Structure formats: C-alpha cells, structure tokens
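These notes open a run of structures that come right after.
What follows is a pair of complexes built around chain A, which joins chain B in one and chain C in the other.
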Partner chain A sequence: MNQRGKKLQQVFEEPACATNQAKPSQERKKGCNRQLAPGAAAGGCAFDGAKITLQPITDVAHLIHGPIACEGNSWDSRGARSSGPQLYRTSFTTNMNEQDIIFGGEKHLYKAIKEIVEKYDPPAVFVYQTCVPSMIGDDLEAVCKAASKKLCKPVIPINVPGFVGSKNLGNKLAGEALLEYVIGTEEPEVTTPYDINIIGEYNLSGELWQVKPLLDELGVRILSCISGDAKYHEVARSHRARAAMMVCSKAMINVARKMEERYGIPFFEGSFYGIGDMSEALRSIAQLLVGRGAPAELLDRTEVVIRREESRAWQRIAPYRERLAGKRVLLFTGGVKSWSVVAALQEAGMVITGTSVKKSTPADKDRIKELVKEDAHMFDDLKPREMYKMLKEAQADIMLSGGRTQFVALKAKMPWLDINQERHHAYAGYEGMVALVHEIDKALSNPMWELVRNPAPWESAAGMEALSIQIA
Partner chain B sequence: MSQNAEKVIDHFELFRGPEYTGMLENKKCMFENPVPAEELERVSEWTKSDEYRKINFARAALTINPAKACQPLGAVFAALGFEGTLPFVHGSQGCVAYYRSHFSRHFKEPTSAVSSSMTEDAAVFGGLKNMIDGLANCYTLYKPKMIAVSTTCMAEVIGDDLNAFIKNSKEAGSVPETLDVPFAHTPAFVGSHVTGYDNSLKGIIEHFWDGKAGTAPKLERKPNGKLNFIGGFDGYTVGNMREIKRLFDLMGIEYTILGDNSDVWDTPGDGEFRMYDGGTTLEDAANAVHAKATISMQEFCTEKTLELIENKGQEVVAFNHPVGVEGTDRFLLEVSRLTGKSIPTAITKERGRLVDAIADSSAHIHGKKFALYGDPDLTLGLAAFLLELGAEPTHILSTNGGKAWQEKAEALLASSPFGKNCHVYAGKDLWHMRSLLFTEPVDFLIGNTYGKFLERDTKTPLIRLGFPIFDRHHHHRYPVWGYQGGLNVLVTILDKIFDQMDQTTNDVAKNDYSFDIIR
Partner chain C sequence: MARVATSEKQCTVNPLKMSQPIGAALAFMGIENSMPLLHGSQGCTSFGLVLFVRHFREAIPMQTTAMSEVATVLGGFENVEQAIINIANRTKPGLIGICSTGVAEIKGDDAQGFLKLIRASHPELGHIALVDVSTPDFHGSLQDGWAVAVTRMVEDLVETPPLEARLSRRVNVLPGCHITPGDIDELRDIFEAFSLDPFFLPDLSGSLDGHIPAEFTPTTLGGISLEHIRRMGSSCWTIAIGEQMRGAAITLEHRTGVPYKLFERLTGLAANDELMSFLSQISEVPVPRKYRRQRSQLVDAMLDGHFYFGGKKIALAAEPDLLATMAHWLREMGCEVQAAVTTTKSPILQDIPVEEVLLGDLEDLEARAAGADLIVTHSHGRQAAERLRIPLFRIGLPLFDRLGAGHQMIVGYRGTRDLVFEIGNIFMANAHEPTPETWIPHERHTSPLVTLEISQPVQ
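Entry: the complex of A and B
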C-alpha cells in the first residue's frame, strides 16, 4: 500500500468520526464517502476540499501541481480574510503540458518549487497533487522531500488527487498533511495557560475577527487557528495549546482528535453561530482552560462578558424580532451550520420548516432534533427538484443556503440568503447574529421579490387591474 | 523634465515635472497673494456645513452649476430627427456653434446646424436681411429637404416675426415657395432645452398638418390604426429608438416615429460624410395626423406638442421616461391597448430575463442611498427604477423641473416605502446638490458628466446617466428603454457599485482583505 493509501485508510477509520464507526468494518474500508452516482450532479473533489482547508494559511505559497484546470478554476475563490500576508491569494501552478505528461512532471515540479523559494521566500510551500500527475506516477512526496532538503524550506506534500474522493475527504487529508508535516515542528517562544487552538474556522468574510475581540478581552490567546488567517509558524507551533475548539464538525475532526491523542490537548465541538452557541463556546473554552490549570477566575470573567454581550445582542435584535417572528425558513447547508444556525434563527423568532443534514453527523442530527423537535424537518439529500417544489409551494418564506442552490430559490421565486462560503457578510459571534438577522430582514423586504413572484401583467388579470388603476 | 522625442508625454504627466510645478508654485507665491493654507482649509470646510447649506439654499439671484441647457438646443435636437432637415437658428452664430459642439461631444458625431449670424446692425434694424440671405445660402450650400427654423435670444429680444420673415424670404426668392420651412420661437430665457424640443416639434407638426403657414390646405384627419411615437429630448436616442423600433416590429405594429435621430447621430465610418441620414420622412410626418394615437415617452418634453395632437382628435399618452420592469410593463400595455396587438412571448421572455438579472444582483443595490439629478422625465423614470430595486433615493433635483414635476416626483416617492426619506428639489442647481451631498451624504450620485465635480468634491461616486455625457464614450448607443434598456441601466449602476468596492479595498496590507474576486 502506498503512502496515500495508508493515509486514506487512517482517515476512514477515524475513531472520532461517528459516521465511520457506525459502519461494518468491511464497508469502512471502502471509504467514508459514498460512491457518487455517475451522471448525477455532485459537489467538489478531494483536491478542492484540501485546498479550501489549507488555503487560508496566508503566508504560505500554495502550489498546484497539475494542468491548468485545477488551479485555473479555483484561484482565490474563497473569501478567507488575511490580517497581513496576501501570498495565499497568488496563484501558483505547474501548468503541466503534454511534454510533462509524456516524460513526467517531477522535474518541472521541483523547478517550480525552487522558483517560488527564490522569488518569494515564503515560510513554506504547500504542494497539491492533482489527478493527472498522480496518474502518470509523479512521486509528490519524493519531490517535496528532495526540495525541502535542497532548498532548506518546508515543502509540504498534500496528496489529494481529485479522484480519491469527495471534498470532505479532501478536508481530512489536508488535516492529515498538517499533522504529519507541520504541527509540532516548531516551538512557540512563550506559552501561557490561556493558549487555545481553533480548528475548522476559516475566517470567511472575517468571521474569526468578529469573535477575536472577546477572546482578547478575556486574555485568551489564539495560539493557532487552523486555518483561518493563520500563518505557517503558528500552525507549526499549535501543539503547545492548552485546549482546542473544533468548529466545523466533519471537516477536521481528525486533526482535533489526533492533537488530543498526541499532545494531550482537549477539545470540544462548538459553534460561533447564534447567541446561545457563542456563549456556550466562550464558556467551554474557559472551562477547558481552567481544567488544564488556568486560574478559575477566568470562568467568572467569561460569564460577565457573556452577560454583557448577550444583552447587547438581544437589544439590537429585538427590533427585528417583531418583523421576523413567524417567518418560515428553509435551511440548506452542510454540517455544523445546520444546527447552529437553527438556534440562531429561533432566537430571532423565526420558524424552521426544514434543514438539510447531508453533511451532518449523528450528533449534529441529534442537536437539530432537540431544537426543531420534529424528524420530518430534516432532509438527508434534498434534490434540486424537491427543493424547488418545497419553495414553490411556499412552505417557506426564505431559504438560507450556499451559492450553488441560490438559483433554485430564485427560480422558485423565493427570497434567498447566502450563508455558505461565498457569502459577503460575516455572521459569527454576537455581532454576526445581528448582521444575519439584518440581512434576512433585508432579503425579505427586497422589493424585487414582487417582480419575481408576479407574472408579466398581461399574463394575469390581477396584474392588468393593478396597472390600470395606476395608469388611471 | 522637458519633452524628449523618444517618449513625448501628455499633459497628465508633463506638468507634474519639477520645472512646471516650480513655475506654478512661484507664480502663486509671488503674484497671486494667496490666502494662507489654513484659511483656505477653513473656508473649504465651512462650505460643507449645515450653516453654509442654509445660506446656499437662501440664494435668490445667482445660479451656480445649472443642470439644464437652452431652448434652441432642444429645437435643434427635434429638427435633426426629420429627413434631410437642416436646423436653422435665427440669431447669433455663437449659440449655434455651441449646440453643434455640445451634441458632437455627446454623440461623437458631427452635428449640422446653421444660424442667420445676426450681428450688431441686425440687432438694431431687425434680422430680416439675415434671414433672407441665410435661408438662401444654406439652401444653396447644403441642399436640405427641409429647413427648421428656431431662434436664439437675440432674435427674440428684438421680436423678429419668424412667420413673416420666412414668407418674405420666400417672396424674395431665397428658397423655393414649396420648400418646407417650419419654425418655432425658442427663447432661452424661457424654459430649457426640453421646452425648445417641444416648441420645435410642435412647429414642425403644425407646419405639415395645418396648411404649411397658409400656403396649403389644412390636412383632414382620416383616422387609421397607426401609432405615433415621440421620444423627447433624450441622450440615449440612438440606442432607444432602435430598441423601440425592434419592440414595435416584434409586436407587429404600424407606427411613425416623430423625430428619429438614431441614424443622423450614428453614421457608419465608411468614408462617406452624411450631413443628413435617416429621420422621419416628411411624408410620414404629414400622414401622422391620421394615426389613432400618439405616445410620448417624455411628458415634460411634449406638453404643447401633445396638446396640438390631442386637438386633432388623437388619443395621447405620455410617460416619464420609463425605465425598468414596471415602467416598461406600463408602456407596452398602453401600446398593446392602443393598437390591439398582443405582447409576444419573445418580449415576455426579455421581461423575465430582466427580472432574473435584478434578482441575481439587487441585494447590492437594495438599501443603498442615491442622489439623482437631471431632466424632469429622466429623473422620474430613474427614480421609479431605483424604488423597484429597493434603492433609497434621497435627493432628487431637477434644475428645469417645475411645480408639476415636483408633485409628480413626490407622489412617486410616496408610493414606495423606499421613497419615504427622499426630498425633491425643483429649480435647484448643482451647487445646491453639493450642499445636500455634504450635509446628507448618500452612497451614489446619478447624473450627467458635470456630476464629476460633485464626485470630486464630495467623494460620492458618480453613476453617469443623463445628458450630456462627454467623458465616457458610446453609452448613447445602448438603450435605457425596454427591458433590454433596464438591464443596461442595472449594469451601469452595478458596475459602479463594484468598482467602488474594489477601490475602497485595494490598500495593500490595510484593507485588501476584502479585495475579492467574487462579488
């Protein structure tokens, strides 16, 4: 079994992943992702998953080894914000050509790494393997190892050709690469009893920054966020954190669990979405830190901050509750957001008519059940046509989903709000919830829905009547 | 650095060189007796204050940066919409040179118009001789099929009688008796270019329908099913007229466009100079009397013209420069009602596409505040579109808008929750707008090229929609009417919004975390 095969097997057997553990051992070997149905619409590949997981590390050069397809279509497509370096947004690719495919791309790749180091001198180069070089047998690990040695620079292989599986698998493989090559390779200059890691937070639209001021106020230091607004050295030193928060339940569970196993860093799963969840997250961080020896007064200080922030947030949401109470929401998103957003919307007085649980774990599902009470509200895999039907039949007033499903909502003439990675607003923390409620209110009050919902006036008698009144 | 033959630089860079900056600085210090920089700064800041706004709005005699032009400009516009027609402006030649350059700078096409070149003796003794000679000369030189006469202030102040003058000219043999020479009195000290458009168009129509100044029998109206269409004074006339014709053709309508400038201001670059091109034929202009109805896209450009047409027994319908979904709906429904023709699927699909485009991106416009100025009809049409998009018009200003316009604008704003914080300013100028933008800032300003001074001073990004637009090319070739036109306006607004986002997020290592690929 080659290195990638071994890694895959490890990921499939990830003990903290309840989905995997629920499977019989034979099935587990096949992989944690369902085989995709050929011909049916599907999401991104493992390469995509790995890239979106690691690309938020801002000072690293991310080099994509492959023909133009992989990088050409994905260059800088996530709004992961950086507080400094912009190198992560520069597109590096070997842009393989026919000659490379006939004679092999290893030399080409080595030269590309060398050129990056000479021109940019980043703290590390992350090299992503894609389908084509993998199929012709380019040995990514060997090239990276040789390059690391010759160039005296960490060159990290991320072996994620798209064909190995889904985007989610790619997230995990990216985590494995960090565990194997990055985490624990450097030591922090100082450590404090208040050092934490935040795992699975990507600082999309700057969401980490919405939360960070509160942690700063409490004196809690983010030793490393993996990987939002992260710098290479922070990730390399993250093994000295005292506790960790695991934000997106399925993407990097292996990282959190293995860091606990290797370095004794306890973690909890939490969310920054929703007022209650945000408070719970702060509380859990404080508890874990105190459990690891931080002074107990941290707990009291945390409660003070929570009380203050909750009441501030409620005050700002209150004016909206009146307008949003009873509005029915269809949630179509993945993983942790399905329950964490449910709680948030309920806080704004809205009713959840349905939520997708496609990427959610059984634990996620339990939490949703707890929140929405009825099983019928959960959809495992809502096909666009069914989604369209639901919206069309007006079982909801607004849909919250990712960019890919927005067009279904629009065709069904249903207000829609983007809450996935391509959104333009930050919804984390207490601040974010006020922003989310504001955006929902805005979406619902947008006058264009009138235009969208109504047919051309000459196609309806009511429309003609309304117009004739206005003309008169 | 002086010019170097290897690389000759233009004024953008040349005068930034040390010898020129030194020269200018030196002149300022030694000869201009400049106020101290702090004093300059203090006064500059003061002009942005509420206190200054009050003084500014109390201004009674002085107009500063007016957003309007004069009657004869509109008269020339209307005249150029007819086949082989030479606009002849009775008065001073300087005015006419302005109209030609004004239109040429906007449409990027030569514009032909002549004047009777009145001078001081003509001002004292009357311009008859200039009229006689002028008509003879322009007829001989430029061989027009029709000469449409209008006036500058100079002729109006001394009270030249166009009707009599033209008659005298014909009697004197300067032009053939049968040549069509309609006329309109268009003093600049009354109204604006939209008034001049109205007067000129009315003069032309009256000429053909009412017996050519007593030289022919009046036409007797024999109603048919045709529709007359008048665009009004419109900076987008090239694109708009073609769009309207396309829509009418799709609906299978028989129509006459009264005043079609789309060819004369968009001649092909094929080496041939076309002094005249396209336009409403004189025959069609005459026969338009028989039409069932007349539609005007701009009420305030056609008040008198429509009155004349209505008195002939036609139904007249006036819009206010309709832009967007509802505006276009109403326009097409009226066309459909008047002609009995249904709206075909192809147009319904275009409507759906505009709605789709609005849905795709209106979140970026929804809730943004806009200031808007321009001609009365244009501001009403654009304001209605903004309301439709969920934008919040905040200041609507029209220098040539009157009480009727103000009431109409206020009624429009009252019809939408997005219009409730908006104020309407009739007869105000762009210096008033400056105070408004400083004291009640908005996100974007909509106006013509002259808005760029407001953009510079107040840092309010300018979306160029209106007339004239001198500093951006070719937008007049794209329609703003019809659903296709609505899409163009939507894109124009969005482009500026996104440009603005980029420009406010591109400071490296300061705010470029939001310098995004996907917007």
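Entry: the complex of A and C
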C-alpha cells in the first residue's frame, strides 16, 4: 500500500469519530467514503476540502500541482480573513500541459517551488497533488523532500487528488499532512498556562475576531488557530498548547485526537455559534486550562464574562421580538452545527417550521425534536423542485441555508439568508448571534418583497381594473 | 504587428485562464432543457459550478460522472452510463453535453464509443440528444472549450441535408464565449430590426440572463431549442462573432452550404458600421432610423469622451477575442495598450496594436502594468489593481464582485456608446489633480519613474 493509501486507511478508522464508533469493525475498514452517484452528485472533491482546511494559513505559498482547472477555476473564492500576511490570496499552480503529461511533471513542480521561494520567500510552501499528476505517477513526497533539502525551506506535500473522495475526506487528509510535517517542528519562544489551540476554525468573514476579544480579556492566548488567520510558525509550535477546542464539525477530529495522543493536549468539541454554545465553549476552555494547572480563578472570571455577555446579547436581541415574533423559519443545512442558532431564533420569537435531517445522526434528530418541540417537519431528502413548491406556497417566511439552495428560494421570491461557509457575514460568538437576528430582520422587513411578489397589473383582471380607474 | 510570446515561468501565479471543460459546459448551457456533464472527478464540476454561480448569480445546471480513483484506473464507462441514466431520470433533459476532463483524457476513455454502447443498450434514452466533446484541462482554455463544443453541436445536431428550403429571412448567429446574455439581447433586437430571424447557437440570453421562470426547472431555464438547431441548415447566412467561432462556422458551411461572415468584434464605430451595412445588404432593408440615431449618439460620445481617452495607458488581460475587442477599441479611442496578456493561441493575436502579446497570467500583467492608467481584466485582477493602486475595469468571466455580469453589454452602437461613458468616467474620476509640485522639473525631486521601478515585484 502506498503512503496515501495508508493515510486513507488511518483516516477511515478514526476512533474518535462517533459515526465510526457506531459501526461494526468490518464496516469501519471500508471507510466513511460514501460512493457517489454519477449524474446525481453534488459537492467538492478531496483537493477542494484540503484547500479549504489549509489555505487560511496566511503566510504560506499554496502551490497546486495540476492542470489549470483545479486552481484557475477556483481561486480567490473563500472569505478566510487575515490580520496580516496576504500571500495566501496569491494563487500558485504548475498549470500542467501536454509536455508534463508525456514526460512527467516532477521537474516542472520542482522548478515551480524554486521560483516561489526565490520570488516570494514564504516561511513554507504547501504543495497540493491533484488527479492528473497522481495518474501519471508524479512522486509528490519525493519532490517535496528534495526541494525542502535543496532550498532549505519546509515544502509540505498535501497528497489529495480529487478522485480519492469527498471534501470531508480532504479536510482530514490535510490535517494528517499538518500532523506529519508541520505540528511540533518548532518550539515557541514563550509559553503560558493559558495557551490554547482552536482546531477547525477558518476565520471566514473574520468570525474568529468576534471571539478573540473575549479570550484576550480572560488572558487566554490562542497559541495557534488551525487554520484561521494562522501563520506557519504558529501551527508548527501548536504542540505546546495546554488545551484545545475542536470547533463543531468533525472535519479535523483526527488532528485534535492525535495531538492529545502525542502531546497530551486535552480537547473538547464545541461551537461558537449560538449564545449558549458560546458560553459553553468559554467555560470548557477555562475548565481544561485549569485542569492543566492554570490558576482556578480563571473559572470565576470566565463566569463573570459569560454573565455579562449573555445578558448584553439577550438585551440586544429583545427589541427584535416584536417584529420577528411568529415568523416561520425553514432551516436547511448540513450537520448539527446550525442547531446552535435555534435558541437565538426562538428567543427572537421565531418558529422553526422545517429542517433537513439528511446528514444528521439519530442523536442529532433527538436533539432537534427536543429543541423544536412542536411538530416541525423533518425532511430527509427534499428535491429542489419540491423545496421550490413549498417556498412558492409560502409555507415559511424565510429560509436559512447554504449557497446551493439560494436560487431555489430567491426564484420563489422567498427571503433567504446564507448560513453556510460561503456567507459574507460573521455570525460567531455573542456578537454574531445579534448580527444574525439583525440580518434576518433586515431580510424580512425589506419593502422590496411586496413589490416583487405582486404580479404585473395586466396579468389579473383586478390589476387591469385598477389601472383603468386611474386612466379614467 | 504584435509579437506573440509565451511566459517562460514554471509557476503560474494568479491565473488568468480557466479550463476547457467548463467553457464547453457553458456552451451547453445556451441550449434549452440541457444538462452539461463533466466526465471527471466531482471537483471538476463543483469548481466550475461555483465559478458560474458567482458570476451569473443563478442556479447552474451541471453534473459529474464522479470518477473515483478505482473507476479512473478501470475506465469510466459505467460512470458515464450511470450518470446519463440518473440525469435522464431525475431531470428529464433534451440534451446531455458530455465534456471530458484531464482525468478522462489521460485514461483514454473513448466517449464516442461509450455513447454508441449506451445507445445500443438503452433504447429508452433515444429521445435525448447526447453530444460528447473532448476538452482536456491540460490544453487550451475556456474559450477553446466553448468553441469546440459549438462545433460538435453543429456536427451532431444540425440536420443535413437541410430539412426545408433556404429561408431568406433566417440567419444563424454563432457568438463567442465573450458575448454576454445582454449582448445577445441587443444583437437580437438589431437583427430583428432588419426583419431577420436570428437563431443564436448557443443562446445564453434565455438561460443565464437572470429572470424569474414560471416553474422550477433542474435543467437550463432557456436557450435555443434542439428543433431550431436542427433547422440551422436552412438559414441564408451564418454570422460568427469572434475568431474562435470560425471553426464552427466553417463546419456549418461544409455540412449545409450556408455561407458565413465573421465579425472579429462588434464594439466600436467602424465595426458596427460594417455590421449594419452587411445586415442591410443581406436583408435588403435600409438601416433603420433607430440605428442611424444611435450611430450619431456614439459619434457624439466619442467626441465628448476623446479628451479623457487620448494618451491613456492600458494594461489588458483577457481571452484572445475579448482582448482583441478591447485593445482595438481602446486604440481607436486614442489609448495606448501598454500590456496585453492572454490565455491561449489565436491567429488574431498578432494584429493586436501592441508590441507583445504574452500568453501568461495576472502576475505577468501586474509586472507590466506599473504606470498604467487603467487595468482591464476580470475580477481576479482586483488584487493586482489594489497593490498597484490603478483603477480596474472588470470585464470577461468571472465577475464575482460586481452585480449584473450577465448584462454587461458592449456590442452595437449603443453598447459602444455606454462603454465610452463607463470607461471615460473612470478616467475622469481618477484624473490627477495638480499640486504646487506638479510642474517642478524631475531632477529637483525624486523622479516618479524611479519610484515605480522600485515598487515592481521582484522578478
């Protein structure tokens, strides 16, 4: 089995993954890669997933080894923000041509790495393998190893050809690359008892900055965020953190678990979305740090901050109640993460009338039932056509979902809010929940809806009558 | 006469180019009730889909054969077959356009052979047109993919011999990939004003112009019907727009005898004079009053605007036909093309009024744009423009940080007139106001030329 094959097997057998634990051992070996249906598939490939995971590292040159499609069609499309370096927004690709296909792309790749190092001198180069070089047998690891040596610069192989699987698998393989080549390769200058890692947070729309001021106030230092607004050296030194938070999705669970195993860094799984979840996250961070020897007074200070911020957030949400009370929300999103926003929506008086449970586990479904209480519809697999019909018949007042269903809602003239990762607004922490309610209010109260929903006057007798009266 | 050079760099930085398969997919989106299918791994489709969604702000029909690693080794027949069956069942399209990718081409999947086998074993799919097109990612660019897809549709879908006698009012129009839905709407109006009945292949104006359909459809919202494509052999003329469409126009002529006329561009006074004269001749209708008036408005706009265009230096990057359109037009308005970067080879590149046309990327453009008054390229130019502090006029695909990409309209007298205003306004807004130091001779303070050289990126 080649190196990538071994990595894949490891990722599939991830013991900390709850879905995996629930499977019998034979099935576990087969991996969590659902076979995709040709002609009925949606979503990105493993390379896509790896880039999503690692590109937020801001000072690194991200080089994509492949034909123009992989990078040329996709670059500068995500909203991960940086507080400093901008190199991560520069796009690098070998743009392979026929020559490379015939003679192999290894020399081309090496020269490209060399050019980057000479021109841009980044702290490291991350090289992503795609399908085409993988098919023709370019040895990514060997080229990166040789380049590291010759150029005296970390050159990190990320072996993620798209055809090995889904975006989620790519997230995990990217994490494996960090574990193997980056994390633990450097030592921090100073450490404190308050050092934490945040794993699986990408600082989209600057969401990390909605949370960081509170951590700053508590004296908690983010030694490394993997990978939002991160710098290479921070990730390389992240093994000295005292505790870690793994942010909602399971995409990086392998990183959290292996860092615990190798470096003794305890972690918890938490979320910054939703007021209750945010408080729980702060509390858990404090508890883990105190458990590792930080002074116990941190717990009290944390409670003070939580109490203050919670009451401030509820106070700021309350004025929306009058306008939002009774509004019906359709919530369509991937995993369970969106459920942490439900409490805030309910606090503002809104009612959840339907949700998708396509990717939810039985435990998730129970939690949903508990949260919505009343009989909200749980849809297993709602086809766009049926969704359109529902929206057209105004069985809801607003839909919150990801970009994929945006136009189904808009074409049905239904208010819509993006709550997936491509969104342009930051919804994390206490600030974020207030912002979300504010955005919903803005969407719902726009006078435009009434105008666009009215049919043209000549399309109804009543409309024509109104017109003729005006003329008379 | 421009020298056409290729960048010597090993690493492409900030790509200008996009891949062939998504160009072909875009062409299939101009057909009614169609579904483009990329034969490759699912990422090939999802990247293209996201790109088009961001550009058009519309739902984009596009599917994948979802090749896994194993399928890639064993060959993709089952995946192509399964994809076609699934699409047929789920979305009931009239046409499926199968575009190959790098993965499929390296494996050597024989798409035509696959389709023959599928046809033989699935008579129930008989009513669906299946067109395959070879578009490896490691060759050419989006423009090439579009062109070859249109040629393939002409080969597979136009009936020969023609179904009916030649119709004197019917014309075929083959627009290049740089012609927007808004451009097509304008051109249709122009043709119809000459009592002509144009069939646009492809026709993005019905499918990606951003409108509210009466019903939900999982395939394209509009576009040219298969029936109209079949009948293209009965037109009296084919009008191709952009050099990229010459191949499709010649193929159509060979197969049906319909003569073609190619317009390299439809932006600019002389270019549109040529179009109007041609349409007037073939239709035997005098140029309508509306267009005489629009011509006069354009002439006036050029007179008012030339003050701001004269001597301005432009850094341009676009696919060949759009590059040629913009370069020639800007030159006509008195600008100097300081840098021209493009994506793929084309015979028109050597005629572009500039010393060198470079097949390169946006890093090359950035290195050559210092001191320019305007950068003209797609939205990916925004980072370079910010760094150089030069205004950016966004044109081409993708335009993801502006509204109305599908309706950017630069053809005809009217489109050209509005372009004079739009770009002229950028020049006006960025005019350098004089300061007390403006007229102090250079040697007495730091020469701006020296500063510019320092600020260039290290080569």
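Everything below uses one rule, namely that the second predicted complex is superposed on the first by the 424 of 472 C-alpha atoms of A that agree within 3 Å, B and C clash if a C-alpha of one lies under 4 Å from a C-alpha of the other, contacts with A are read in each partner's own complex, and residues count from 1 in each chain.
One rule holds for everything that comes next: a contact is a pair of C-beta atoms (placed from the backbone, for glycine too) under 8 Å apart; a residue touches a chain by one contact, two chains touch by 3 or more.
Note that this is a predicted model, so its numbers are computed, not measured.
Counting the residues of chain A that each partner touches, chain B and chain C differ, and the larger count belongs to C. Once the two complexes are overlaid on the shared chain, A:Pro38 sits against chain C while remaining clear of chain B. By the touch criterion defined above, A:Leu63 lies against chain C but remains apart from chain B after alignment on the C-alpha atoms of chain A. Of the two partner chains, chain C is the only one that A:Asn97 touches; chain B does not reach it.
Of the two partner chains placed by the overlay, only chain C lies in contact with A:Ile116; chain B stays clear of it.
Of the two partner chains placed by the overlay, only chain B lies in contact with A:Lys442; chain C stays clear of it. Of the two partner chains placed by superposition, A:Thr191 touches none, neither chain B nor chain C. Look at A:Ser77: by the touch rule set out above, it reaches both chain B and chain C. In the overlay built on the shared chain, the residue A:Leu451 is in contact with chain B alone; chain C does not reach it. Overlaid on A, the two complexes show chain B and chain C touching the same residues of chain A, namely 75-77, 86. On chain B, the positions that touch chain A within their shared complex are 325-326, 329-330, 332-334, 336, 342-343, 348, 351-352, 355-356, 358-360, 362-363, 366-367, 387-390, 416, 418, 508-509, 512-514, 516-519. Listing the residues of chain A that touch chain C in their complex gives 35-48, 63, 66-77, 86, 89-98, 100-101, 108, 111-116, 119, 131-132, 135-136, 161-166, 384-385, 388-389, 403, 406-408, 411-413. Within the complex, the chain A residues that touch chain B are 75-77, 79, 81-84, 86, 206, 410, 422, 424, 442-443, 445-448, 451-452, 456-459, 464, 467, 470-471.
Across the complex, chain A is touched by residues 9-15, 17-19, 21-22, 37, 40-48, 50-51, 53-54, 57-59, 63-69, 71-72, 79-80, 82-87, 90, 101-103, 106-107, 136-139, 141, 212-213, 216, 218, 361, 379-380, 383, 400, 457-459 of chain C.
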